Structures are given as structure tokens and as C-alpha cells.
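Each chain gets a letter, A, B, C and D, in the order it is written, and its residues are counted from 1.
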């Protein structure tokens, strides 16, 4: 088993300077923990709880920032896509295309993403069972692209609440693809603040530790220098100055979990 | 309160002849029960469980059939759309655009649908609470289009199972928009047959009766002359020759439910 | 199918005068709606959310009240039991022993209740599937007592929330025993107020209408002249002066639902 | 934080020889992993899915075995109790009284257990939220007995399925009492085999690893030399010859999790 990797970055891209500032802090945390990492940032939030939520800086500006960060830091970059039409353009600028959870059953989007040849990270829908993801993976693999990652991010549990079933990690791993754990969106309280989603930032370390102990390939953690004032997902982002300590602990658990 | 209306038709459009045959039987059932009705049919199934599921006859052929049925039978017609780009074209051919449940949070789709001025039926996401639908409705209403219908179709309940919470009907009705109950997809067992969804056709009358007694504005029932050989949703479609008796019972309950 | 019956009364017995006052109002409502009824009252609340909740007036005083009400009003009376030891004594004073939902799998309690020969109303555990109740019924029936009623009262749905699955009614009816719907505890928000359970009284009519339209044998409704000041279950009890209108509506739905 | 402890033993006590054989193997595993341990065994299964399930060897025989094992191996012993009357007698023979999950809200049982002065392990009801356990603990603590353990064992998740929410561990730890994780019953499929519960033994290590990484005080693992032929809980018991490797891994994770 390969050692744990980290996917980290802000929920929304804000500016090149902001992305660079966060990337420097993430890089330092990752280096200290000897952990390969991927920079993540979104150029558009296409499914906000309500219209009052900020959408993002747009595709052109976002891809430019991502390319620049990838080059400057020598790391792969990841962003999420929302329509089949975006896939080809986005794949020219980033290394990993991410399929949002709500769209994880949209066949045309999965096929268009697959056809780019880029690596694809598919978030498991909150409405899907872990074993349902084999069909999702098969859709993409039908394009000949098997550079797939499957990502757990919580299952619907009553109203405005998700629960993370750690059994989902080995079940999805039976597909043969690497399995990620998104510790940020798993602690979301969807719609839980009326016109936006709430979150339980304090349980990101809890769930990340659990997932790493089970043996996941990578953790996905959104981070920000001031989460409470971030344009989205503030309630569940980890302050970037806490990322280092968290990652060091996760890597230590990872070594034991994957050790003989 | 207006009397109960019916939205009925096949899951997938198959041919003009097939649609006409079903429409004749639905019309007879609706007339016998003095129930206004809408013809429903899909031209594309964009989110099948797996690639092996049939996609549909395509937009051009589908819209042609729907227009023809609407004209011949003098009824409104409804179909579901999957991308923002489809909205304007589809709205020229049908009376009601339907937003699929998985896409009920996709802002661009909701806005594009709203901007057509057509009536919009939004299926509530399996991952949403009933009160979350107020934000969804607000997105569409921001276009100036308030011809909205909100539709309950079950909430995620563990894996591969939905549950219909009848409280959702009055909660969504607090928005002021008419509330529908989709008795067909509420009995779906999502992903429950490995590469396709299962269903519990036998509970369509159970849930439809319950929803009508609560006072919903309309019921949505997919129907087919031979569900077990239908290209999709066979396990949860009602045989069309049983529609008349079901509708008569529902209308009788509706009269009592909405009576003084 | 027999016409709908009503089981009604306060959550906790308070005094003979109080029970008589409520029984008079219930009797009037039931007579107006031509509905057979059963008086319900608890002498002990053995599983309050916290110690600060009132327990009740005790077995001796409670059974005396119940006997008296049964005699005065000529109706069957029902109470819940909590230990095997209580069964024989309680069965001498009441017509129907009720098994609480949390205790619906406790074999010794089920057998002791069955052995009294009294009618038994078993609440379905919030943690059970509807089909699991066949095993529960079999435990009691093994005593030779088949005077059983099975009662739906909501299933756990995330934290501090229940959901009522109307499919549970026909599924439990497959056992051949009459199926009841408890409209009071189905709208409970268990533990939802910190040291006591909350409730959504406003949805009692919603769920009761739904259950009656599906064809249940009886509805269970707790009622009080001043629910907000009742010693328990206030948030979900129906004010007794609203019972008549509700019951009249339910009976009208019942006639249609069970009609040819 | 104290190092991880283990609670292990068969679901049902079968005989002194059987208990001794298992205790020897558990002791060897625990010694190799330098882990303090407690022997667990049940004398009565009071809430089997159906009457066809074996009940157990009875209280007198069971307590005699438990006393003997405790003395021979120099370890604390634990058993579950089902009525208030049993508490005093059982507390004379064992060190830890366990409250079954279904009974976790039964006030009289909690108080009677507390009054013995023995340590009490309370299983969290499948129908409770983690924060609801503070009220449960307060009931017992009202007796002056604060030797409490709180134990997560899964929450109801749809029908015939549990899910383990790892957030429950830190939430329950806010009470100040040690928190355990029952890795055996968390993988139960309640009622999932018609007249008995199924289970997913293969996920015991998954969930146990996760819970230990989060920092729980102890894991509870039922074990047997031949689970498929055990009188109860066979589908979710770990074969005793696999216990050593599992425990060694858990202890390694525990050291990292609780390290600076």
C-alpha cells in the first residue's frame, strides 16, 4: 500500500495570491509529514444551498490560478466540474477532474470526464450505497480511462445530517481503485443553517483519523486561513495553521495501519 | 383547494403509437374519475444506475411525440430536462419542465428552467429535507417565474431504500406552491438490483392513498401496459389496466380530504 | 374490514377526576363520529429521557382509575406494562396490555403478557423493520394468545427524529393481526429538548389521515385539555377540544378507504 | 489517556470448560499486545429476534462460570443484566454490569444497577443520539455511582442495518466517562436473517481500527473458536485465533492515537 496522500486547498479559489499563500502552508505541512499532496480549489460552486451563496471566480480565472499553483509548487492540481462541456477545457489545466457527489450518477458527465484521459475523483453521492459506486466506476472505465479515485463524503442520515460509514472504504476498495476520504464534507450539516450548510469542523480530525486507520489512500481536507470568513464551507474547513499537526498525526496512524 | 390532478405516462417514451395507446387508457381512467391530467414521458434517462440501462429515444423524437400527444388529447405534457442548454428547446414543446431529484440543487439548471417561463416541477432530492425546498423554489422564483410545483419522491433511508415522510407535504406547501407526490419513484429501491434499481409496485397505492389523504395537489404515477418488460422503472410502474381503479379510489379520498 | 376504532386518553393518568373529564370529551367525539373507542392511560413512565421527567401516579392508583373509567363509560381500557411481574396484576384491571416500543424484543415480557390471555398491543420498536414484527407476534402467539394488535409508531431516522413509513401498515397486516397507527408518538422528536422529548403536534392529523387512508384498524391518539402543561408528551398530544373534528375527518376517510 | 483495554469473550456462556478455553486464548492475545482485558459472557439472551434463538445457560450457572474465570485469570468479568431484580445478585459475582442497548432508557434498571456500586457499562440504544447518553449517565450517577462506561454499538440506519458514527465517541466522552466501542454488535444486521440477526464479521477490524484511532478507552469484541456454530451472534463474532493479530494492530494504532 502506498503511503497516505493529501488533497488540500480552499473550498473556493479567491485569488492567485490567496491560493499561493495557502499552498505554501500546505506544502510546509506536507513536507514536514513526508506526505505527497495535491492542490484543490473550486472555480464555481454550482449547487449552493441558496442563491445567496457565493458562486466563485469563474472558470477562466480559476484554471489560470490552478495551472500557476501546479507549476510553482510542482504538485498535481484538482478541481470539480459540473457539465460535460467543461471537461475537455478543464482537463487541459488540471491533473484531476472531480465529479461532485450530487452528479455522481450523471452518465454524460462521467463519460465526458473519462474521455479526457485525466485522472477522475468521483465523490460518492450522499444517496448511494458504497457498492453502488462499482457501476459509477464502470461508466467511466468504459471510456478506457481507469485513472479513477473513489471518494467517501458521507451518507444521508435523517434530515440535514450526514454519517460516515467506515465500512464504505473497504467496500469501495473492492473495485481495485484507490479510495479517498473527504473529511471536510463528511462533517457538513447540509442545509443546516437555513440558506447555507452548517458544519462540524471539530470532527474533521475524528473522521480523518478513523479513515486513515482503516487504510484509505488519501484524505481530502479543505482549509483556509480564516474559515469563518471564507466564501463557502467555512463551518467545516480546518484552519490552515492546524493542518500540520493534524497531518503529522494522520501519517503516524497511516504507517501503523499499512504496516505489516 | 383544487381537486386532485394526475400526472401519468410511461417512464421512457418508446414510440408515438405506444404513447398514444397509453394516453388513451390514461384519458379513460381520468375521465371516469373526473380528474384533470398531464401526460408525462422521458426522452432521455441521464442517470441510470449503470451503463447497461437504456437511455431513451432522444430529444428530437421525444419532443415530437409529446407535442403530438398534447395536441391530440388536449392535455398539458411534461418531460424532464438534464442540462441548462436543453431548457429553451424543450420548453417550446412541453408545458411543464421537470427537474430531476439528483439535480434539484444545480443552480444553473434551475435558473435556465425558470427563465423559459414554463411551469416547473421540481423533484425534491433524496438528500434534502422538506424545508430545504424553499431555497430551491427561491432560486427559480428569482427569474420571475412562479409557476412552480414541488414534488416529494422519497428520502434516503439507509442504503438502497427510500422512505416517504408524509410530513413533507404540508411542510413544502408552506412555500405556497402546489405540492405533488410521486408514488412511483417513492417505491424505488435505488440500485437495489445490482446494475439497476428495484421497486415495490405493490406499495404505489399505499403511498398514493396516504399522500392524497394529506391533501396533495396531484399524484405522479408512471404506468405501462407491461411493466416487467419496460425499458426502465418496470419494478415500480403500475400496470395501466389498474390505473382506473386506483384513481377512482384516490379521487374519493381526495374529496373527503379536501371537503369542509 | 371493520370500521376504524380509536384508542385515546392522556399520556399519564393524573387523577380519577381528570381521567373522567377527558373520557367524557373523548366519548362525545367518538359518538359523534360513530367510532368505537378504548380509553388509554399510563400509570408509570418507565423510560423518560431524563430523571427530571415525572414518572406517574403508580400502579395501584392507576389501575383503580382505569377500572373505574372502563365501568363508567362501558369501554375497554388499555395501559402499558414494563416488567413480566406486572402482567398478571394489570391484566385483572384492564382489557388491553400494551408493550412499549423499547421493550418489543424482550421475550419474557412478551410471554408473560401473552399468558394473561388479555389482548396485547405491541408497539413496533423504533429500531425494527415492519417485517421484524412477525417474530415478535410469534413470541406472544406461542402462549396460545392470538388477541394481538401491532402498532406502528415511527422508525429511527437520523438523530432525534422519527419517520413514519406507511408501507409498514400493509406489511405488518400480512401477519393477519389488526394494525394500529400511533399518531402521537410518531411525531415525537426523541430527546429533542435536551432532557425531554420534543414533538410536532401539528403533524398528528397529517399522519393520522395518511394511516387511515391506507386502511389501518385503529388510530392511537394521546390527548389532554392543556398539553403544554401535561406531565409528559405535551409537545405531541392533541388538545382534546380538537379531537372531535379530527376524528370526524378520519372516519370519513376510513369509510372511503375501506369501501368497495 | 490510559492505554486501550479489551473486553472479550463469547456471546453466550456455554460451559466452564468452554469459557476457560476461550479465556486462555484471549489472555495470550492480550498479553502479547500488553493490553489489560476483561472477560465477558452472557447467561441469558433476553431479546432474541425470535423464539427459535437459544436463550442461554441461566443465571446461576453463568455467574458461577464468570466468578471462576475471574479468579483463575485474575481479570475483571462482565455480564449483561435484564431486570432490576437481577442487579444485586449479579453484582456479587461480576465486576461490571452491562445494560443492554434496548434497555438503555429503562430508569428502574439503570438505578438498580447503579445502586449496586459495581461498575456499569451502558450500551447506547440504537435509537439514541450520542448526546442523549448524558441523560442516561445522569440517571445512574444519581445513585452516587460514577463508575460508568458508555459504549457505542451502532445506530439504526434504515431497516436491518446499523451504522457506526465515529463522532459518537468524542461526543460521549464529553460526559467525562470512558467510552468503549463494541465492534461486534456494530456490524450486526438486526433481524437480517429472518428469524435471527445477520452480521458482517469482516468489518470488525475496520470499525475497531477506526474507533481506536479516534481514541476510545476500550474495544468490546465477542469471539469464539467456531463462530458459525455458536449459539448466537455467530455472523459477527471474530474467530478467536484471529484475535491476537487484530489486537496487536489495534494497540499499535492506540499508541499513535494517544501519543503526544
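By definition in this document, a residue touches a chain if its C-beta (ideal position, glycine included) is under 8 Å from a C-beta of that chain, and two chains touch if they have at least 3 such contacts.
Given the structure is predicted, the values throughout are model-derived calculations rather than measurements.
> Is it true that over half of the residue numbers where chain C touches chain D are used by both copies, so same, or is it different?
On the two sides of the chain D and chain C interface, the residue numbers are mostly the same, over half being shared.
> So using the touch definition from the top, which pair is joined by more C-beta contacts, A-B or A-C?
A-B
> Distance-wise, how many Å sit between the C-alpha centres of chain A and chain D, to the nearest whole number?
About 36 Å separates the centre of chain A from that of chain D.
> Could you give the separation in Å between the centres of chain A and chain B, each centre being the mean of its C-alpha atoms?
33
> Between chain A and chain C, what is the separation of their C-alpha centroids in Å?
For chain A versus chain C, the centre distance works out to 48 Å.
> Which positions in chain A are in touch with at least two other chains?
Touching at least two other chains: 155, 157, 159, 163.
> If each protein chain is taken as a node and each touching pair as an edge, is the resulting graph a line, ring, star, complete or other?
Shape of the chain contacts: complete, all pairs touching.
> Contact residues on chain D for chain C in the complex?
Answer in residue numbers: 46-51, 55, 82-84, 102-103, 105-108, 125-132, 135, 138-139, 142, 155-156, 159-160, 190-191, 195.
> Which chain A residues qualify as touching chain C in the complex?
The touching residues are 157-159, 161, 163.
> Spell out the residues on chain B that touch chain C in their complex, using ranges where they run on.
Result: residues 155, 157, 163-167, 169-170, 187, 200, 202-203, 206-207, 209-215, 249, 252-253, 255-257, 259 of chain B touch chain C.
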